[in-house]
Amino acid sequence: MGFFEIRNLRKSFDTVSVINDFSMELVELTLCCLVGPNGAGKTTTIDLITGRQKPTSGTIMFIEEDITGFDEHQIARRGIGRKFQVPAVFRDMTVRQNLEVAFTRTTNPLKNIFRFREPGFAGKLDEILTLTGLGPRLNVEAGILSHGETQWLEIGMVLMQNPRLLLLDEPVAGMTESEIEKTVGILNDLKKTNTLMVVEHDMSFVRRIADVVVVMHMGSLLAKGTIKDIEADRRVREVYLGEEA
Amino acid sequence: MNLFHNVRAQWLAYAVFFIVLALVPLFVGDDVFLLNQLSMYGVYAMLALGISLCWGFGGILNLGQGIPFGLGAYGMAMTMQMQTQDEYNPMPPFMLNNSLTELPWFWVPFGNTTVGIILSIAIPALFCAIFGWTMFRARVSGPFFAIMTLAMLSAIGTLFLGMQPYTNGANGLSPPRSLQLGELTVDPYSPGSYWVVFGLLLIATVIAKLMTLSRSGLVARSIRNDAERVRFLGYNVAAYETMIYTVSGIFAAVAGACMVVLSQYVSPDQFDPTFSLMMVVWAGIGGRMSLLAAMLGAFLIQGGQSYLGDELDATWYLFLGTFFILVVRFLPKGLVGLVESGLGRIRIGSKRNDGDSAASEVSLNPQPGA
Amino acid sequence: MAAGSLFLTQFNWSAFINALVLGLSIASIWLIAALGLTIIYGAAGVINMAHGELIMLGAYSTYTLQTSFGIPFLLCIPLSFLIVGAIGLLLERVLIRYLYKRPLDTMLATFGVSLVLIQGTRIIFGSSPKYVDVPEFLSGSLEIGFVNIATVRILIFVVTVAVCVALWFLFFRSRFGIQVRAVTQEKEMAASFGVNSGRVYMMTFALGAGLAGLAGAILCAMATVLPTMGGNYLVPSFLVVVVGGGALAGSVAAGVGTGELQSIFAYFTNDTFARFVLFILIVVFLRLRPQGLFAPSAKRR
């Protein structure tokens, strides 16, 4: 039994089938890129893993446990962190407060009712600030950050949770070339300590970070392998790379 | 840094507020009826505090605060009613008039004063916990939750009105004697009960304020920002919402119990939707984001109603309605929003003060508002 | 088995069927009261706390038209629709349109409006109850077999059905309906196709208010006209909207369902207890289906 595994996942809305018998697994401490044309079901897969939607059938296993059908917070507590496609940060709160909420060692409301600080926060905060470079923006409201900074803040928030598995939905969307450069650095650093799954369109970015690439098409697995295998795959070129050219 | 957001300044404002309130009986003198009326303002403030906690800080608009308020009030009234019953006369007179032959089972526990007082808080708290959990688990939120609280309020109101033999229907309960605590008689017209009511208000305020400053306050604020994101961080949003709603309900239940001790009367009017909406009006006009402003809003509106209401007579509600519309339209933060922007123009001069406020921001995550 | 057959023989079928018919009548009353609210909520997302007071205004306009101008009752119904619709239009222009992005604040502001309307009416008309004269044929009752029903209830039922059919045509078969649905679903997109969303909201609000006026006009045939009468209709119509999910078909289904259940529970117990049980059932229903009966699926990020 592996670290993370999806078996025969299906999701349909009424009669429309969005995810069709999709299976895959992740090896610990690798970075897997989930690619595919628009409508292939990438974001839906992430939704199903994180509990935002419930699968019609199939199982999702994470560290020897069947997490299929769990609620979002239960899945998050087991160590799966998610960064959204449209960056979701708390815009009226400062960067520091955003990171503080994300430091979720204690989630029970009754225990938090009169708890004013969380031990270990300061150390973790330093670590995240070094990684993301958000130090100078610590007391700024998240709503006024630049687009790239917002993306990094959300990555920082996910890391604050100490996840074993990170799911990043289009982390470089809308970033400038130099910001992408920096994000590639961050992700390659993270690979040493975390397992990552990145949804991405941009093949040049995938090339720079992926250990494994999984290609989805029409809700099913089309191909899986190293970036070289994938780029050589004729079917993939037809449905996906062909479109890019 | 706006002084308004300085946590130390906020605590100082609370201290001044409660010291002034504590001194009031010394100036009232012998007018015990006035004193009794003023004690009632503690009840209103407690209700406004609950609304501010729930709506301003938790983002949960609650139009059914009358439910825990009324349940707490009925619990206390039943306790006080049972204190006047004895072995020879075990049933309240209205039950006999409704030809009941024995005391209904749910009246029995109220025969013991301690149990009765505990129940008058525990039952509303339990109600809020169950109702809140059911609704929040189903992710009913915003206007829909507000409507459901209103509907629930109206249902419970009709129930209390309709169960004539058990609740004395529209006449309500009017226990003939003041509350007895052991040997002690709680005289509703004494400075003692005034201080007890405001003492309870002080405790509730400190609890509410600490909640807003704690980690749970930070989570609540995040939920107001983006509830969905909070779930993916591993927090059970429904549990947080239920907790805030229940704590606010407990405040209302305490207020209800205090009201009965002070007035020796309860009726289904406590469940009147207009009264529950009025609590929201107090908090809205004063400023829902600030616990203190919400309480002052209650003083302002209820005071206005008692003193101007007589003079303006029919036009009072016309005036209040118009005023409320204007506040909602132009001052979403309530009247205290004016204070906030006013203080925002004053720069805090001394460096020490700046450092302090920054430090408190770092460790205590101040809420917007005092 | 024996108990079952005993139940069947002793069960009073004619009374029960009368209760079902009465349930249909309750359903039509709640539904006609809720239609305006449904439309305003469904199209603009506004929860109008003053809806009950708009119904009250409909009743008072009927009363005024009748006593001061001698207009016959049946003609007062469409006129009340127009009068209250115009009041709704005014309300939307001076207040509601500034609050579309703040749903909770709209609720509160409209509560302020309801205070003003109640008190304003009280100042103009006094607090004493008013009665509307209804034509001779509406004061009797009709007996079909063992079913006995007041003719005024039949009128309300017929009008409700007619209004529902008219609304269906308006929303699904007219240009205005297409515009409303376009604005509801994708405001920016609709705007780029030249639909003026502000105008659509304004017309929808006026239409909803007008329907409240119509409801008030027809309901005063069987209710006392009082400044506070709106409060009686607010909660039932809210529940119809919530259970129905804000869609027209949903409200019809919810109105029939809740009205029938109310009448059936009342048959076995009494009115107040029935109402309580119904509310508890609605809470449980919302737990299972929070989006209501016919709500479109939630938008995704």
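Should a chain be cited, it is by its letter among A, B and C, assigned in written order, with residues numbered from 1 in that chain.
Just so we're on the same page, a residue touches a chain if its C-beta (ideal position, glycine included) is under 8 Å from a C-beta of that chain, and two chains touch if they have at least 3 such contacts.
Since this is a predicted model, take the numbers as computed values, not measurements.
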Given the contact rule stated at the top, which pair of chains has the most C-beta pairs in contact? B-C
Based on CA centres, what chain would you say lies at the far end from subunit C? A
Chain ID, smallest distance between chain and overall C-alpha centroids: B
Whole-Å separation of chain centres (CA-atom averages), subunit B against subunit C: 32
Roughly how far is subunit A from subunit B, going centre to centre by Cα mean, in whole Å? 43
How many angstrom between the C-alpha centroids of subunit C and subunit A? 47
Residues of subunit A that touch at least two other chains are 84, 88
Where subunit C touches two or more other chains at once, the residues are 301
Expected list for subunit B, residues touching two or more other chains, is 228
Which of the residues in subunit C end up touching subunit B in this complex? 47, 95, 98-99, 102-105, 107-109, 111-116, 118-120, 122-123, 231, 234-235, 238-239, 241-242, 270-273, 275-276, 278-280, 282-284, 286-288, 290, 301
Would you pull the subunit B residues touching subunit C in the complex into a rising list? 61, 131, 134-135, 137-140, 142-144, 146-148, 150-152, 154-156, 158-159, 161-163, 228, 273-274, 277, 280-281, 284, 314-318, 320-322, 324-325, 328-329, 332
With touch defined as at the start, can you tell me which subunit B residues reach subunit A in the complex? 210-211, 213-216, 218-219, 221-222, 225-226, 228-237, 239-240, 243, 358, 361-365
Subunit B-touching residues of subunit A, taken from the complex the two chains share: 50, 52, 71-73, 76-77, 81-82, 84, 88-94, 96-97, 100-102, 104, 106-110, 112-118, 139, 157, 161
